[in-house]
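Below you'll find the structures, each written out as structure tokens.
Heads up, the next two complexes both have subunit A, just with different partners, subunit B and then subunit C.
So, the complex of A and B:
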């Protein structure tokens, strides 16, 4: 994993918030993921394989997704299903950007949405994972990048 | 098999429009075929022109592909999400050509994109968690003299490929690892172990700093703390002459310095820091692996505790020799009253760190050049004396040097001039006041900026370490000619 890769994933995520809501998300200080779980209410996971293997996921709170729903869908009473779909939507946007940037020699999976605070998201062993805290409208989320 | 070849023209396997001349023979052939398909270790199946899989396929195929009920499945669809799309596109084109009878089969086979392909398997979440290397072989099968089917065989070549990759990887790493090995061989195993512990400690410290940064607005403090940890790693690496580690740390430090010079900092500015931190962790892991391998040999020549203790004095001597040579200073080292064996094991690393720090600072900031000492009627070679004492449940360490202390005084004077808001006492600045100033991190003064910064950084670190262990430090300026540092560590705690 190099700096360019990490910047790319961060920019993809931050840009999503700005493009969709018009309000920029703030990137926190990134850190190396240890053994402790980094999982919030909803997580959108994208698998990457091919030339380089790994996994990227964004994990966020229900409150943040509800706030997003109120802006994007003009829906102040977003259902759990809507909230879940939104998680997939964020992950899908990141996935699309990754696909565009990394080309056809990489395999980018369809995002998988995990609901609830799972024990942890299983990441490839022996590969360093980076956690990037992202705050949008005071709501926190984490982008986790684990790529060879 | 001969029977199978002889009857090739009658070969049916249930294909539509296939001539069946003899029912019994066909039945027998089917039995043989089924037996082959049952026991073959390879994946075997037939593919029609629509690229659909035939109902007759080997039992091993399902296991190899990790998919059940393959009859009628489209081969291309089956590949999707399991190999990169680029290879799937190439496969489509290749299979199209394979079904064209006007083209030479051997020539077309040269284009087979599925030779030793990595085939990925999804877990319950649809994420690829495992893979196998599969070799697909395609062979035209004549039925009614038409080449309208392909016999496909799949071999699992994972072991072979992984072995080849491992060999390649080893070759690529050998050069680097050899350099590292040569670089660490000259270092005593015990010292190397201590170095690793130290690096691990600092890496963890940096990881914690970043992890706990959260919404902090004080990015400067974070940077200073990271810089401090790197400074320690670099110092220890230089001391052991671990060049690759020193170089890597220097690169990291340069990134931190770049960050220090930036006026407006955001989270993304820390990306180079976290990536470098990840790199350093990887290097440490690799070097530790090499060390583990060679430690097998070291174990055969295991040293006694007495010798291990001697190593501490030995490394202090090395530090004094290299630093004094580098700075053109003369040093006499007196360690007659220092009993390394008396130091409890739990304190060894800490005592080492403290003495290294004090000795280094004494040479850097206290000891004058031989010419200066001569003109001050002093011995051209300065004296650094260390001693240890165990008394009243305390381990005492004393470092004395007869270098000048006016440099420190100048620092204090400058501080008074440059930072009047510090409300420093105008009279004597010795004793506790001086100590407190030394313990103030990031003090920066004009031409001595780096010296003062690193000195105060070191001292603050020492203070922190002592605090952790419930210890204390006393600095005494007995005269213009002598400075004494006394460290007390409680023996019962920790």
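So, the complex of A and C:
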């Protein structure tokens, strides 16, 4: 992975929030993931196959998801089910949009959603993972990209 | 009643297909101003096809990345069953090849996620011929 790859994901993430909410997300400087877990309340994981192999996940807080859900559904009482579902959908959208740069050989899986901060998300070994910090409306999230 | 091509019709029968419950709800909510009856809502491709056969919708909104059966396969099968159905593909897959493939297979519209309410309604309206 290089700086260009990271920019594709950053652009996709910024575009997601701007399009849905009208308010830009701000991304921090990407850094190499170490052994420390990068896991918040909910994580949406996408497996990548085809020409590039690996995994992408977004991890975020319940508060952020409830805020987004209230905009998407005009409903301030988002259920836990909606919050979980939205995590997967965010991951799906960010990953799918990156196909604009990588083409149709960048194959994405259906999302898997993990709840809770107990454990780190297991990533492909021997492949570097980058963490992109995201801030939207003072809510912090992370996009973790692990691609060959 | 709804007028289309000079013919008064009953409400348009809509089948919503997306593995995200949030997106299915958002589509239904945002298309409320159209004279629609939501006849089914499916979270995977296999269920979508079963509902398509039993509910006989006029219009389908169809995701691509789904469990059980992907949306391109579903699109192909739906067109075999009823080539007059209007299918709007709504997907995060932003590459031109997938969009082109969907249109070649018979999709009338291709909307990229994330979508705003305005973009969804505009695309749906164009597909239904109400500009």
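Rule of thumb we're sticking to: the second predicted complex is superposed on the first by the 144 of 148 C-alpha atoms of A that agree within 3 Å, B and C clash if a C-alpha of one lies under 4 Å from a C-alpha of the other, contacts with A are read in each partner's own complex, and residues count from 1 in each chain.
Here is the rule we go by: a residue touches a chain if its C-beta (ideal position, glycine included) is under 8 Å from a C-beta of that chain, and two chains touch if they have at least 3 such contacts.
Just so it is clear, the model here is predicted, and its values are computed rather than measured.
Once subunit A is used to superpose the two complexes, subunit B occupies space next to subunit C without a clash.
Counting residues of subunit A touched by each partner, subunit B versus subunit C, the larger count belongs to B. Once the two complexes are laid over each other on the shared chain, residue contacts for A:110 go to subunit B and to subunit C alike. Of the two partner chains placed by superposition, only subunit B is touched by A:132; subunit C is not. Within the superposed three-chain model, A:50 lies in touch with subunit B and out of touch with subunit C [touch as defined at top]. When the shared chain is aligned, subunit B comes close enough to touch A:122, but subunit C does not. Look at A:30: by the touch rule set out above, it reaches subunit B but stays clear of subunit C. When both complexes are overlaid on chain A, the residue A:6 reaches subunit B alone and has no touch with subunit C.
When the two structures are aligned on their common chain, the gap between the nearest CA atoms of subunit B and subunit C comes to 8 Å. Across the two superposed structures, the residue set of subunit A contacted by subunit B and also by subunit C is 103-104, 106, 109-110. Across the complex, subunit A is touched by residues 81, 83-86, 89, 118, 120, 122-123, 125-129, 131, 207, 210-211, 213-216, 219, 222, 266-268, 270-272, 274-275, 277-278, 281-282 of subunit B.
Residues of subunit C that touch subunit A in their complex: 19-23, 25-26, 29, 65-67, 91-95, 97-98, 112-116. Of all the residues in subunit A, the ones that touch subunit B in their complex are 1-3, 6-7, 10, 26-32, 34, 45, 47, 49-51, 53, 55, 103-107, 109-110, 112, 114, 122, 124, 128, 130-133, 135. Here subunit A touches subunit C in the complex through residues 15-16, 19-20, 69, 72-74, 81-82, 85-86, 88-89, 92-100, 102-104, 106, 108-110, going by the rule given at the top.
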